[in-house]
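Listed after this line are the structures, all set down as structure tokens.
Below, chain A partners chain B and then partners chain C, in two separate complexes.
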Partner chain A sequence: MIARPIDPRAWLLWAAAATVPPLVGRNPFVLLATTLAVLGVWAAWRDAATDGWGRLLRLGALFALVGVLFNTLTAHVGDRPFARLPDAWPLVGGPLTVNALVYGLLSGLAVFGLLLVGTTLGATLDWATLLRLLPDRLHAVAVTGAVAWALVPQTLRAFGEIREAQEARGHRLRSPADAGPLLVPLLAGSLERSQTLAEALEARGFGAALAPQAALGRWRGAATAAGLTLATVGAYGLAMGSPAFAFGGLGFGVGALWAAGRERGGGPRRTCYREPAWDRRAWLVAGSAGVVLGVEVAILAVQPAAFAYDPYPSMLPPAVSLPLLAALGLLLVPAAIR
Partner chain B sequence: MPTPGGIGGPELTSPSPDALERGRGGEGRSSTSGFAPHTSRRQANSWREVQRPDRGLSFPTFGGGVIPRATGSPQSHLPLRWRQDRNCTRPSWPTDPADRLVALLSRLLAVVAWLALLGPDGVAAAGPNHAGVVVRDAEGGLTYAYIAFPEEEIGGIELLRRTGLPLVSVGFGGLGEAVCSLAGDGCPLAECRRNVCQGAPTAPYWRYFRQAAPGDWQPLPLGASGARVRDGEIDGWSWTAAEAGLPPLSLPELARLAGVDEAAAAPAGGAVPTAAVRGVGIDVATPEGSEPIAYVAAAAILVAIGGGALVLGRRGRDGPGSATQTTSASAPSWRPEAEA
Partner chain C sequence: MSAPAAFFERVRFAYPRQPEAALDGVDWDLKTGTLTLLAGPSGSGKSTLLRCLNGLVPHFTGGRFGGRVLVAGRDTRETPPRELAAQVGFVFQDPEAQFVTTRVDDEIAFGMEQLGVAPATMRRRVDETLALVGIGTLRSRDVSTLSGGERQKVAIAAALAPRPHILALDEPTSQLDPWSAEEVLAAVARLHQDLGLTVVLAEHRLSRVIALADRMRLLGNRGLAVADGHPASVLPQMDRDAVPALAALGLARGWEPLPLSVDEAREWVAAERRTGRLPAEPPLDPPVPAGPPAIEASGLAVGYGGVPVLRGVEFAARPGELVALMGRNGSGKTTLLRALLGFQVPERGRVVVGGREVTRSRPADRAETIGYVPQNPSSILFAEKLRDELAFTLRFHPNGHRPEETLSEVGLTWAADRHPRDLSGGERERAALAAILVGNPSVLLLDEPTRGMDAASKLAMVEALRRRCRLGGTVVLATHDVELAAAATRVVMLDEGRVVADGDPRTVLPAVPAYATPISALYGGRFLTTEDVLAGYGERSLGAGLLTVSGGVS
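Moving on to the complex of A and B:
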């Protein structure tokens, strides 16, 4: 029996709620709670045949290692030095501190959490439904985004298949020089897939010139482009820790998109035969995610230190917000209703 | 919270009055409490070489070669009984008390002779250089630091570091080093890495100035890593996005504000503090932590979330569905538009 999918809008809301903590801070309690909850959802919804624990753990270890190495070698700040590299060495020279090591670990955990959210979305999201839910004018953008989103998982899957095939032929990856028999078929396969995809899109009229009566008005096209740009800039501002900048960009971007899509007429039209059902499970996922988002925004407004942790220059115990941690437990709801 | 009258200083770098007296007394001994002797690091190394002749470069000079030859006596008529180990050239200490005394006096004489040879560049050479640092925090509080340094010139960041004020900086490779947090004011390291605390064009950050003339504070756009500080110069650090807001100062005046009587200490050859800091702007209040019971509760919540993730993850994998449906052709969640 195959699990019924949940409405993509509910999944997107859940992903937004799970993405906020690793984006806005490095509090170890918050990061751990978020990662554990997302890990539970991923474990419940994963396809056991393709999504193995081994790959995920290796990925987590890699991110932790990169975070620790980068931060420890470049941030020579803190009251707990444990070694010292010669000062003459550019960039990495200076004291190595436990403070930087801890912050590197937390950064690795945050990146791993974000990646886990993306992996879970990739395993659960019904892309076809999502494309149909978007306004007609954004269809081309949505298709492009879906193709881009699927690039990494497809490449990883292809790499695994090629490696298995080469191992069956006796090939072993012992040094970088042995990577040729893996990378060349991967590159050739990627080119072939992209060509197939391009042909399929063209056969469906993707990107074709519109009839004069269906052409998009100039101001509406400009508003759509500006809205998308502003929304992207706002998301970047959120990731960079500038809330005013982020919410301003997102607000204006959504407003521009709304204004562009308000008026009927113009642009390509698609026929919709069925609409996705917003069932009880979608309500549960969206409701719990909405509660988590609300708590996150409220705590960000009144107690932003609950998300933050800065081990420089002294390592002190991080702040704890029990309501926030309890709310993050609600991110497990999609795992419970599978 | 700023506290009046040189508050943060004593906890951070300023010495106690006793330490001040010891430091000014010129005992010639390094102090870790904020004051150093009126000797440079190089000079201190010279002392170490002299006083530990069995180590390092000074061994061949003091280890048995100079002293016998200085007396003009052949090796076989030495007053001291040296025993050469076959595998080690280090001479053993004489066993006879009289020989020991002679050896000790000889070495002391050699030390004196060595110091005399050092001449004006030696221990009694010119004193260290001095520079000042003024820090203006977010609330306008000023902190004064009077720094002695033996080098001809040092970097601006190094000078700031030697004040002992709590400093968090981040390096940008060849571009230099930026100050993120100073004396409790600033931004976290992550934000500093992104934008050097400048989230908005008008947002304050730690701006670096140098006093060209009293009251003429010039910003140094290349930053403190590239700037060199020489004797008599005064650096300013201000948490601002525009004007420095720093007062006109002379170095003696700054030294007095930092709690050092420069005129009395320096010419006498006595000890001058390596870093004397005094100010009203030092705010190193630690952030409020949570109650211990909160940590226990947080751990319990984490265990609950982890346990829930484990149970639900296993149930999902072994439960009714083993794979997620991603095609919409036969999805039960779709319904005809008419029904909707």
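Moving on to the complex of A and C:
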């Protein structure tokens, strides 16, 4: 029997709270607290994940390590050199500093944390319920997104199979020129899988209830475009640590998209087989995530330095915000109620 | 007389950028309430015809379309597939490829949600459909936890829930083990009989379905029917290599009406028994000469996440042997192949190839000895031309064969300059085999090499593998295909990660009912193929021989 999933809206709120720290700063305490909390949730829910998501996580860890190496070798800035490569060597020549190593590690941790949030969502999110919650106008886009999301683990699994099959043939990946035998079958296979799924969706009536509303009103189109633009500005503001831009952009953007999505024409409506149930566990996850988000917003507004850390040009001790660290502990709530 | 469920009138169709027509002037009345079997070689137009029924051709595929198809009185040219979804339920080969949600009842309801069916009606229909297909106990299960047969039944239930008039199934059992295939076909037959549903089924492996069908449409080229009628009247017009075993035997022995099931054939055998004319039992196949194994696994134990998959497997294959690994989905066949390849590091035990432990060498070095054709041949095909694909392998195997010889060996000389992805499924599988064989590995491992293959392609592949064994090579293949296993020199049966039977196909296959061939079920003993019976009567086979074995008892 499948375990009863937690309402996807609660998970999305949790994910929003967990992605703020790695997006807005590089404070090691904050990043570590966030990553550990998300790791705890992933560990508790990982049995719900398909094999491909685990691969994605391993791939993410590899990318993070490559990032650390790249930053250490190429950022020759900082007051704590520990080695030196010949200056004549292009790009990597010069002093190697602890500062660059630390910044690389923190950036790697941030990337890994974001990926961990994504894989946890991949394991836990009940897409069928989420699709039902969306207004008709956004349904087609959302199904496409859900399908693309589902293809991620399949594609990673396919990559593993292709790599093994080509290695068994004698192929070795020694330079970018050797990538063809891996990438061509991967791309072609992904296209074939997408084609089959699209065909199956069409054969199963996908979009039938939406067809009569195909004519998009002019203002509705404008509202959708404005919503997407504002949401992008908001995400940029979040990444740049600008709370006004971030929350203004995201708030107005989501509002505009919601308004555009609510409007619809005549014709038959898509119906809903199972009404989503907002239960006690959803309250717990959403409530705790709401508290974390509230604390994050408040601290971003009054003490943004709590999220930040810059080891250049000198390495100074990072700021410690006990209220923020305590709040981040609440991200573990979904693990506790598994 | 009732109106046809679907009516094709002079239908012509060519896929985009394809100069040749896939359908060329097809006329067809699909009778209401029939179970029609579409048969014919790969590329004959079976899938294209099925896709005409729900408008995927031409709305989804694009291409040039002429003539008209009427389904429940609606012209498919003017009705898109999403609107025909209420009239035609469609089930694809791979159930996993068509699932959108994670829960069984959500999946069944998905199509109805799209069509705007009222929630109360929808819930009632989900209940009814679950009961009809016989999967009520799966209702709340996660689709990823289901077996292949269960998934395909969920796909059928999802197609049926909107209450279509026609159920179209495109090789629904090609990826299933014999047990699952039986379950799925039994569900389809029940729906046809209980509801009077019009069913159209495209299949390559005819022996399982032939007794269920009340009509058979045999396609030649471009969707045109060579014959259409009751299966017993159509089968004599088929290419002899593609005729199912019982029918092939009936044709050779002059049995009329032609038996379509073991039960029907028993009457003929009983009559022959009364006259004292029974065939002499075939001898056991000669044993492969003893010698050191080419590949050997001892005490092999493998697990995933703490779950044991292989439990102390002992396995060896000698030069000249063609070994078929068989067993249900999840019995450990693919894991054993991966362990033999060295990609699966065992928890205990070891694999030795040519006197050397396989995990102690790099994959690229092992490639000189072991060749591997994966389940999906497209995993290795990447070049623009098949010729280049073989040349790529030869970069790593300087002592390999000449590409022309290898292509001739698998019957693909004509395709040397073709793009591998433009080939049919069976041809693509043989192209992948050629890409590995050209490197001249002494041990060849194949994972489900005949999946979805037509009779001609299968015959060509088996001939190539047998030739390899005659030259001293070792072939190990994982398969559900009884026809292929019967052509092996040895069958190794796995169950829950253990070897439960190992020996001559004539002794191992009849011992497992799902793998017993119809001929074996009919005559017992060491009889396995149509040729065995005819040889026992002192007669010759009508076809090339190998493919008149046929799999699974209907």
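We adopt the following convention: the second predicted complex is superposed on the first by the 243 of 338 C-alpha atoms of A that agree within 3 Å, B and C clash if a C-alpha of one lies under 4 Å from a C-alpha of the other, contacts with A are read in each partner's own complex, and residues count from 1 in each chain.
Note that in this section a residue touches a chain if its C-beta (ideal position, glycine included) is under 8 Å from a C-beta of that chain, and two chains touch if they have at least 3 such contacts.
Everything numeric in this text was worked out from a predicted model, so none of it was measured.
Determine, under the contact definition given at the top, whether A:310 touches first (chain B), second (chain C), both, or neither.
first
Examine A:157 and indicate which partner it touches, taking first as chain B and second as chain C; both and neither are also allowed.
It touches nothing on chain B or chain C.
Touch test for A:146: chain B only (first), chain C only (second), both, or neither?
second
Check the residue A:192 against both partner chains and state whether it touches chain B (first), chain C (second), both, or neither.
It touches chain C, and chain B stays clear.
Please work out whether A:205 is in contact with chain B alone, chain C alone, both, or neither, and reply first, second, both or neither.
second
A:43 in the overlay: touching chain B, chain C, both, or neither? Say first, second, both or neither.
Only chain B; A:43 stays clear of chain C.
Report for A:170: first if it touches chain B alone, second if chain C alone, otherwise both or neither.
second
Per the overlay, which chain contacts more chain A residues, chain B or chain C?
B
So, does A:126 touch the first partner chain B, the second partner chain C, both, or neither?
It touches chain B and chain C both.
Tell me the contact category for A:84 with respect to chain B and chain C: first, second, both or neither.
The answer is neither, since A:84 touches no partner chain.
Which parts of chain A are in contact with chain B and also with chain C?
Of chain A, residues 1-2, 126-128, 272-274 contact chain B in one complex and chain C in the other.
Can you check the complex and tell me which residues of chain C touch chain A?
Per the stated touch rule, the residues are 54, 56, 59-60, 80-83, 85-86, 88, 90, 92, 94, 97-98, 100-103, 105-106, 109-119, 122-123, 126, 140-142, 144-145, 158-159, 162, 338, 341, 343, 363-364, 366-368, 370-372, 374, 376, 378-382, 392-393, 395-397, 421, 435-436, 439.
Show which residues of chain A lie in contact with chain B when the two form their complex.
Against chain B, the touching part of chain A is residues 1-7, 26, 29, 32-33, 36-37, 39-49, 74-77, 90-91, 94, 103, 107, 123-129, 240-242, 244-245, 272-277, 279, 305, 308, 310, 312-314, 316-317, 319-320, 322, 325-326, 328-329, 332, 335-336, 338.
Per the contact definition, I'd like the list of chain B residues that touch chain A in the complex.
Counting only chain B, the residues touching chain A are 166-171, 173-174, 180-181, 188-191, 194-195, 199-200, 286-290, 294-295, 297-298, 301-302, 304-306, 308-310, 312-317, 319-328, 331-337, 340.
Using the touch rule from the top, collect the residues of chain A that touch chain C in their complex.
Within the complex, chain A touches chain C at residues 1-2, 50, 126-128, 132, 143, 146-147, 158, 161-162, 164-172, 180-181, 184-185, 188-189, 192-193, 196-209, 211, 268-274.
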